[in-house]
Structures are given as C-alpha cells and as structure tokens.
C-alpha cells in the first residue's frame, strides 16, 4: 500500500531476519539488562518472552511498564521470568497493581526481598530510555518532586520551580513487537502497540523485534512512515499464526 | 461503595466532567474517572489523551469490533475519533510534561486541604503502583480528583495532611466526591456544591479539615 | 491513500484553517520569540516569513538552523527579517556560512553589533526545542564540552565523562511547512522537509503551518502516520500554486 | 588547492572511505568528505546519515529527477536507498549523540597531535558556522578528518596545538591529507601511508609536530 521512491541496491544484503525466537535470544548472557515494550496487551513481545523463559538466562534486570499478571488471560510477561527464578531486579512503574484489590504475581517476590525493584514514574521511565538512546546522560523533570521517590535525591530550581535530576537508562537488549518490518529492520506499529517499543529500541545495544505481518523486503516501507529506523533493530522474527505464535487476546473483564 | 450516601459513581464523574471546557485535552485515570467520557457535555469538544500515546480516543469499542492493539490507559479496547493521532510513550509524556493537558482526572486515597493527594501507595506497603500519576499530577494544568468522601471504615479522605505517601503536592484544583464538589483552600476545603440528601453537618462531620461554606450553597449540578 | 478506522464525530468542528498568511500572523506582537522550521530548501515556511515581513512586527527573537541567503535563488528567510529591521536577536547554528568563501547577509548585522546572536550546536538546538515541548527544563549533553562555547558554563561529570548543562528553549510562535494536513492540524512531512519542523511545533505556544497539498477533513489521515499531532498545531494555511505561493526551487550550483 | 602536491581531493576522500567497514553508519560533512560516497569500496554496505534526519541516502539525484524536499546535509538533492528512513531533527541528533554513528568524516582548518580539531571559526571572527560539527565530533565512534596538508601560505595544518577555536578535543582518530594518511599519537602524528611523489622529508617539513614513522612506510592505498 505504501509507495516507495527509493532506488538502487538495498542498504545491506544481510537480512536481519532470524528463523526462530529461540535463535534470536540464544546469546543473551546472565546478568543482562533487558527492556520490554508493551502497555496492557498491545505491543508486548510475548513470543520473545516465552523464548527467554526457555533460554533460562539468569540474574537479569528487567525494564518495562509493569510485571503483568493482573489480567486474564495471562500471556507471557515479565512476572513469569521472575517466577521462573531468572530475575535479580525489575525497573518499572508498578510493583503493585493499580487497584488495591488486584494482586500482581510479582509483588510477593518483591515484598519478600527475593527480587529487587526500582519504582519509576511512567513518564520518567520513558524519558530515561529515550535519553539513553539519544545520548543525554541526565535531565531534570518536575515529576515526583516532593514525593517519597525524591527523598534524599538531587533537585534543582530552574525559573523558580523545583526539578528532580534523572539519569539515562541504557539497555543491553530490547524486546519489541511491531506490526510491520522490512529485512533491514525498519518497524511500523499499529495504534497503541507503539507505546514504549520505539524508545526501548533506541536505548538498547541489541534490539530484537517480533513481527505480526509477513516481513517485507527493504524498500517496501515508505521512509516517511517508519516509526523505528532499522539502524536501531538487529534481529527480526516472524510471529507464526496461533497456536504456535502468541497473539494479543480479548481481555476478560471481571465486572460487566 | 460501602458508603452509599449522596452521589453515584457516575454522578461524581459527571460533575467533574461538566467542568471540561470546549477544546480541552483531558486525561482520564482508571476507575471512576473513565466514567467522565460518558457524560453529556453538549457540543463541547474534548480531546482524550491516554498515557500510551493515544490522542483523541473515543467510546469503548463495541464487542466484536475491538482492535486488540488499541487500548486506553485502563487497558480497555477503545475507538479513535477522526483527527486522532498516535505517538510513542516518550512523546506521550512529552505532551503531559510539556503542559499540554488541560485537565487530568484521577482517583485517590486522600486529598489534603493544601492540594496534596495520595494515590500510589497504601500504608505500610513496599513499593506501589505509580503508573503515569506522578507525571500527570505534576504537569497537567488542572488536577481533578474523584473519590468517595470517606473510607470503608468511615474515616475522612479529605484531610488536613495526607498520612499516605503523596503523589504530588499542592496541585489539586477540584475534588468531586459523593458528598459534593470541593476545592482545597490551604486551610480547609471550600464546598462549592452539596449532594442531594446530605446536610452541611453530614459533610462537616465526614471531612478532616474546616469547611469554607458560601452564603448560598447550591446542590450538585449534574446536567449541563 | 491512507486508510482510516476512526469513527464518530470529528474531535472539533472548529477547523484550524486560516484563509491567508497575513491573517495567520496578524496577532504576532513585537518582542515575540519565533521558531522557523527548515533545513536548506525543504521545510522552510517561505510564505509565512513573507507575511511576517509584510506584518512588520519588531524586536523579534528568531530561532532556526541558519539565517539563510548563502544560496541562490533566495526565497524568504530569517536573514530578510533581519535586513528589514525586525530582529533583535537570532538563535541559530550558523552566524557565518560553512564555507569561508560564502557570505551570509546576516553576518554584517551581527559583526556590527546591530543584531545579537546566540550560536548553538545544531543538535543542541534541536534538543533544547524538544525539551521545551516535552517539559524538560534542562539536560546534559557531551556536545561542545572543551570548546569556546562551554567557557565559564556549568558542566558535570557523569560516569567519568564531562557534560554541558543546556536549558530548554521555548517559543512563542513556530512557523512550519508540511506536505499534508487535516483541519484538526495533524501534519505529515515529505522526506527531509520534516527536519526541525516537528520539534518547533511542540516548543511553541502557537504553531502556524503552511501546507503544500489540499487540506483534508479530520479522519483522512491515518492516526499511525501523523508526524505532528494536531494538538500542537493552531493554524493551518494552504499554500497557493506559484507564483502566488512560494515553493522550494532547484538550487543553482556555483560550481558544475 | 593552491598546494597541488600529492593526492587529489577525490583521492584524499577515497583513502578515508577505504576505512569504512561493512554495515557502518557514516556521516559525511560538506566539502571533500561528500566525495567519499563516490569511492568504490566493493560489497561493503554503508548507511549514510545526514543531520536533517535522512538515514540511508544514496547518490545525488539525476538532473530533472530531484525531489526538492530531499537534501543531504550539504543541501544537495539526493536519492534514498531501499531501507531508508526519515526522522525529525531531534531524533536525528539522537542517532548522533546516542553513539550510533560509526564514523563521521569532516573537513577542518587544523588538527592537533592530541586529536583536537578546529573547523567552525576563523581567527578573529565573531561567531562562526557550527552546524552539526560539534555534536558529530563529540559523539561519533570515529572522527576522520580530511584536509589539505598545508594552508595556502604553506603553514602546516597538522599542528601541536590548534590556535583556532576547537570543535572538539581529543577525538580525531584518522587524518587523510594530500600528503598521506596520519593518526594523532598525543605527541605527534603517526604517518601510516605516504602520497606518491612525496618524500618523508617533504612531509616532515610541512607538519607542525613530530612524525612517527613505521619501519616500512607504504604508499597511500587507493583501491580496495
């Protein structure tokens, strides 16, 4: 559908297409810092998380909005890596669910001290990742000033307002999910599937993407329409149809 | 919901939503605030923003027509209105921190008369659930809080000082409860409107800081 | 061509379409800080600059990559506003041309002290604008450390490297040029027309856009494909065909 | 160009370009560096980035086929290669500052043996022309400088210390001049290759810091 006016040879003959999720995560060592796109169901790299569960790397630091598991049905999430004993620390915007009546599977691991967590406001989390990708080592933000999260930390008054110093959050690996990709790794997201995925991709040394639609040749995506440029993406894997591949499902509401 | 006095949850949301002005960009938190989008506010156009980068979402998607890659901040499958745009999470919080949100509506455990509020951490809890609340609270032009006037055990939620960890300080501009509509004044709460079936003494007894009462106290307005 | 799945009423019945460039700039007061998109020929809001020349607002601070005028043919540029006596200060990445043999018309106004200038590295300029739009009051950058531009300014060592503190650069007005727009102000740029335009738009209180293609109804642009969301855009003006409207032209190379 | 000894401008660019490795992301500055894209480096794929947000541009557009909204950093109408992407200026400098540029190639007035270089301001000038040079110099993985070995009046451009205001300090990794290929060592310049027709004594006389000379000094390599 999109029209391309590119010309000449592809920028690289070396496709970034990887045949399986297992192969895509095989080299991830113990101790890695891994970021996960996704907000609620859309954009979560379910299949890569499943492969990482099977891969078994340990002492991981996970970065993402939430550890998951408050909603049913439950697809692979960061919390499962915790339950599987692979995780040292989680950096996220929720260590407990939004509604006090919900229980995140992760919470008990955190409360017992088995797994560490760093609780970060969602916008600060997104900005710290963006900063890491954009070479900004630190920045000031009004968020969390005057709260427990700012206790003992450096603040600065600028134009009469107090701001909190925050540092970039670089990743070793990012797992993302996109709708469309070409073999060079250019990505397009559909609707709110985008969320954290583009900033995770820029913050990581190695970005691995699982892709909904058949992966196309470089040149098939209009350069103006790319959400994440291929230079930020290192491996792309095609999500197979269900049940082999894991896809977003309709959420079961508890109250109707 | 243990306290059934006064307004229903939808009415509390309605009263807050009636404050929205034409062309406002509004962010609705999970829980009661999401009900604001059901309120009939006539021909005023509101642009709903959600933290995950959706600018201009509309009604909940009809069953069977959901786009599973399109949710609001509460994870519900919504629709988009013509003119909508999608951005990534860092840009979405750029919209918030950049001061482009005219009003954010959130739930809370407590609000103080100094405009502080608490909604991310329970007493004695390790960690909590912040989400986008601290960003929204610190940066939106107006912070509206909707909450039950008292706790399940009858304690006031409108207090002199929050004893729960705060989400932000001095930011709340309007409070809609089942007992009425309030504004923090610094020393107390100005009651702007009172819920039907409640007396001023009922409200005073259930509020943890002095009430500032106007000469003529109207009932809560629920229709435009 | 793009497919829309939006539904219901438009978000606002109030179109942002303004009938003329003169009307779009009419309320700009003396002393305003105005940002201009554009890099070389693409994305420069030629028609809005022309209207501002005719409007005559004075004591302006202009923000943009360069003041222009090194290349022929010369279309309306920031330098013309300087020559027209409307400018107090320019914030830009060039006060002189890249090639020492080229001469910018602006340079003599700067050298004589008639107009002030703040020289900012291009990436720092873009990031300061982005920061203003994103509510980041200040940030650290490695750029310009150890140079004359950093003399006497605050630096900070983070993870063993020295960084320079830079502040957000907010604008009163932004002038941008885009290829496509809807009546709500959502913008699409073609190729390198994008450049500074999206960051200028987010940094400004009021963004005015001149548009190449016929302006469409809200809902005609795929929400996934929007480069600048309409919430950042306040007025859109259709560029008429030449000669009434001013369009990018082929550059005349001096050396063939 | 007043000094016609040694390599041509295209040859100086060719020698720098031969250093590019497969898959590198490269930013070419205006002037001689743009000639690097003409060099035949075989089947090595290079992704060219320009400051205005174009990732993956290709050859100069044929006359009559220019897209007037598509230029490189020098303002020339270029083409895009399949797989190209366009981003805005802040994101484009995110690519640069984020350390994603494998090599930046720039012109300069002077380079010091400590790896400083100067290319934005002439002596006594008020202001100057920085563009993206300081960002690229501070953040690219490798900084290659291409310049004439001596000034028009015969003074060395490879010096102990720059007397012009520097663009960045200690960043230059490779220098391609019409006299040969050099690397700053801190105390001097290591000559890696010498241009045909020049003697070591010619080079030494025209260089403002000690030369470090290998046992076998090859001629400049101009083909892959």
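When the chains are written out, they are named A, B, C and D in that same order, and each has its own residue count from 1.
One rule holds for everything that comes next: a contact is a pair of C-beta atoms (placed from the backbone, for glycine too) under 8 Å apart; a residue touches a chain by one contact, two chains touch by 3 or more.
Worth saying up front: this structure is predicted, and the values here are computed from it rather than measured.
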Problem - Chains touching both subunit B and subunit C - result: A
Exercise for the section: Give the label of the chain whose average Cα location is farthest from that of subunit A. Expected result: D
Fill in the blank from the handout: Ranking C-D and A-D by C-beta pairs in contact puts on top C-D
Practice task
Please report how many Å separate the Cα centroid of subunit A from that of subunit C, as a whole number.
Solution key: 32
Practice task
Could you tell me the distance, in whole angstrom, between the mean C-alpha positions of subunit B and subunit D?
Solution key: 57
Exercise for the section: Give, as an integer number of Å, the spacing between the C-alpha centres of subunit D and subunit C. Expected result: 29
Fill in the blank from the handout: Separation of the C-alpha centres, subunit A versus subunit D, in whole Å, is 37
Problem - Multi-partner residues of subunit B (at least 2 other chains) - result: 67, 80, 86-87, 90, 93, 96-97, 139
Fill in the blank from the handout: For subunit C, residue numbers touching 2 or more other chains are 127, 130, 134-136, 141-142, 189-191, 194, 223-224, 227
Completion exercise
A full list of chain pairs that touch reads A-B, A-C, A-D, B-C, C-D
Problem - Complex contact set, residues of subunit A against subunit C - result: 1, 3, 127, 131, 134-142, 156, 158-159, 161, 163, 167, 188-191, 194, 223-225, 227
Problem - subunit B contact footprint on subunit C (complex, rising order) - result: 4-14, 130, 132-136, 182-184, 186, 202, 217-220, 223-224, 226, 229-232
Problem - Contact set on subunit D toward subunit C in their complex - result: 30-31, 50-54, 66-71, 75-77, 80, 86-90, 92-93, 96-97, 121-122, 125-135, 138-139, 165-170
Practice task
Mind listing the subunit D positions that touch subunit A in their complex?
Solution key: 23, 25, 43, 45, 47, 49, 55-56, 58-59, 67, 79-87, 90-91, 93-100, 139
Exercise for the section: Spell out the residues on subunit A that touch subunit B in their complex, using ranges where they run on. Expected result: 39-43, 65, 71, 93-100, 107, 110-111, 117, 119-124, 126-127, 129-130, 141-149, 179, 189-199, 227, 247-251
